[in-house]
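Please see the structure below; I have some questions.
Naming follows writing order (A, B and C), and every chain is counted from residue 1.
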Amino acid sequence: MTLTLFVGAIINMLFLASMYILIALGFALLFSIMELLHVAHGVIYMLGGYLCYSLSVTLGMNQWLSLVLTVGIICCFGPVLERFFFRPFFRDFDRTLLVGIGISTIIETTMALSKSNEAQSLRAFATGILKMGPISVSNERLVTFLIGALLLLAVMWLIHRTKVGLQMQAVGQDLEASLLQGINIYRISALACVIACGLAAVAGSLLGAYMGLGPFMGDFVFQKALVLVVLGGIGSIGGIFVAGLVVGGIDAFLPLFISGSATSALAIGIIIVVLLLRPKGFFGREMGF
Amino acid sequence: MSDAVSSARDEKKGSRLGPFAAVALIVLVLAAIPLLTDSPYLLHVLNLTFLTILAAVSFRTIIISGQFPLGHAAFMGIGAYASGMMAKWLGWSPWITIPLGTLVATAIGIVIGYPFSRLRAVYYAMVSLFFGIAVVQIINAGGVLSGGYSGLTGIPPLMGFSKTPYYYLFLIVTLVSLLVLYRFETCRVGTTWKAVAQSYLIASSVGVNEAFYRVYALAVGCFFAGLSGALYAHYNFTIGTSSFDFVATMMFLMYGVVGGMFSFAGPIVGTALLVLAPEAARGLKQYVPYISAGILLIVVYGMPRGLIGLPGMIKGLFARRAKDGAGRAYHAS
Amino acid sequence: MLLEIDNLTKHFGGLAAVDGLSFGVGQGEIVGLIGPNGAGKTTAFNLITGILKPTQGRLTFDGHDVTYKKPHQLAKLGVGRTFQLNPLFPKFTVLENVVASCYLHPHSRSIDAFFNTPTYRRNEALIMEQALDTLKLLRLDEVKNELASNLPHGYQKMLAVARALTVRPKLLLLDEPTSGMNWEETELTLSTIERMLGTGMSVLLVEHNMEVIDICDRVVVMNFGRKIAEGSVDEIRNNKDVIEAYLGGDHAA
């Protein structure tokens, strides 16, 4: 394997990792930190992508402005999510799961029925290629990587260094103790939902540009997000970072050695083996329920 | 004639003759259907319903031990593909490959479940989910052997091409399997499963090897899922991974919740309703997800005990109203 | 000595929840384990019953080395316990709770259970009889069909004891059995414990209620995971270190 190929794979790994991390952040905030099973994350992501498309392509707004507006609008779903989908079924694993699936199905079906079959895609957020010696990286990937890294750091800072973040951790780890401390769990949950929706919206818009849009793109997203969270371990955002690198690495390097459809099967196979050996993930703590 | 726990519960509910008679009646009606109708389509739908009921009930069997097998449909797929591939490529008779396929599914279920039997049940849920995804992808990548994305075709039939023999076979197999699963649940094994589900700590403190019992439930559940899948393979002659993915598992969960997870008959009622209702509305095929999702949401939000729990729920509403009225009258005086 | 605890240590990360704990419980003895909150008493229980694995140390029960044995194996050897929190199967009725717990004595094999053999039927009938007797003993037979989670707190604790007795234990570990009980219930619990002692059973008791501790033959006092005192009830009551352990916190605050 030549050096260029290797370096190319490394760059690809970093990009994929940042992409997966971007996708997983919103979900991780709710599931990993607060133990709220947010099955509809993929759907929010998809709605974000489509909204950005509508604003920028259909209405012709500036793409970055559309992104900001999309985030703003999607964030409004946050409190709705908390009030109607999480609060009635607090700690009830089956029900939360089913409600998420029910809502996702309805929204996805509606989108599938109302959109025509043509492939839609946002214009790239950045064009051009950056050349560094023999290596070239598209600016689009670079932007995605930077935004992903930035948001990851922002979320980690939020969780570990702000009062709000610590409260979120508290609610996720020990509900009764949090109540005794006077934490308003509903308000904190709603805040987390708002942030998660915003993160999903960003991810949906950025990656909608890169991968194209589709009513069922949320399923792929949810899968990847779940992999990162479980692999990284419940309760740890740092785990998401490591897991993102691992999965990105697998997805970047494996195709170099094996071609064809076996790659995705093998990739998931590796993940399962890791889980069998280390069931709690890299940095996980025991789940509460 | 079950264990002390079940007898204790039945003391409260009165005689169990009623439900027994109802079941016998339903079975008689079902047995008569092929004699009354010529429509192969109806038989086909019922055949699929029988197998789905078997899978859905086996899903619930694992649930009552406190675990969530989110990849359950994959075990149907393992049974189906193992049996189908053995019959197609090795030329063995389906009467041999079906039991073998079932055992393969059971064995793999045990292997996947065992490392997680000592952790909290939710971990198994995750691994089961990933395992389901992995199985689908591995099968899709199987090239000619497994038929890849286009599916495995040319599977040797079990009993020829007419629907009727399969109808009776599936009716009998499903009935017997349900009886087996019901027996498991009402005897001490089932009671122990339910105990482990509620508190593995207490269960182990009274001598129950709770890790073993959890794997035990997995084995039983995967056995019947594999059986259902293997039978399907030699009935449909063609199988594809889209029948065994996460969506399929979610359907089992849905059937169970709609019918009422607390009751053995829950998944049966739920499956019957949710498979047959869309069939009735066949013209609106694209709206079927709305129907299923709608029913699901109504049940989850409004009927925690599902359809079977509905009569109890309504009775409870009336009872509370009566008490309120009486109470208010008392205070007014 | 029926139960011998030797240098029992458990580390969680850098913290030693139990540190070098050593004591024993003899046949027919009742030993009390006391100490301020957080002293490591429940951790010690969990180590003894196999829920946690010790970092160091040895446990011997009835001549067997049980240091790394799992909870169900200990139950088989004759160790029964109650739990302080969540002591019941919440979705079972009172009767079901006890019947479901009669797993070991008599033990039915899966095959017998599934095929409803005469052995199984005999066992289940016996279990029902035993369960009803135990409930009557603890004055719980009137509520036998009540959902366990609906019971008042004191009744739940009694039920937990009933459950623990189904193991036919040689050693019974009681984790704060009278917490939340009123005077009558405490009396009933005490008399039940005394009756069990009369049959040769040993009891290891974690308690905060000093009047319950009074019935103990010996008391072991823990603080910060270590044993700080051991002796008869009177000796402990007058022990300087013990008094300071309980009051020291107040002074600091």
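Criterion: contacts are C-beta pairs under 8 Å (C-beta built on N, C-alpha and C of every residue); 3 or more make two chains touch, one makes a residue touch a chain.
Computed from a prediction, not measured in an experiment: that's the story for all the values here.
Engineer: Which category does the touching pattern between chains fall into here: line, ring, star, complete, or other?
Structural biologist: Line.
Engineer: Could you find the chain whose CA centre sits the greatest distance from that of chain C?
Structural biologist: Farthest by centroid: A.
Engineer: Of the chains present, which has its C-alpha mean closest to the combined C-alpha mean?
Structural biologist: B
Engineer: For chain A versus chain B, what separation do you get between their C-alpha means, in angstrom?
Structural biologist: 32
Engineer: Hey, how far is the Cα centre of chain A from the one of chain C, in Å?
Structural biologist: 47
Engineer: How many angstrom lie between the CA centroids of chain B and chain C, rounded to a whole number?
Structural biologist: Each chain reduced to its C-alpha mean, chain B and chain C end up 39 Å apart.
Engineer: What does chain C use to touch chain B in their complex?
Structural biologist: 49-51, 70-72, 75-76, 80-81, 83, 86-93, 95-96, 99-104, 108, 110, 113-114, 116, 120-121, 124-125, 127-128, 131, 144-145, 163-164, 166-167
Engineer: Which residues of chain B touch chain C in their complex?
Structural biologist: The contact residues of chain B facing chain C are 1-5, 7-9, 11-12, 183-184, 187-189, 191-192, 194-195, 198-199, 201-202, 204-210.
Engineer: Residues of chain A touching chain B in their complex?
Structural biologist: Going by the criterion above, the answer is residues 88-89, 93-95, 97-99, 101-103, 105-106, 108-109, 113, 223, 226-227, 230, 260-262, 264-265, 268-269, 271-272, 275-276, 279-280, 286-287, 289.
Engineer: Quick check on the complex: what are the chain B residues that touch chain A?
Structural biologist: Touch list, chain B to chain A: 68, 115-116, 119-120, 122-123, 125-127, 129-131, 133-134, 137-138, 140-141, 148-149, 250, 253-254, 257, 261, 286-287, 289-290, 292-294, 296-297, 300-301.
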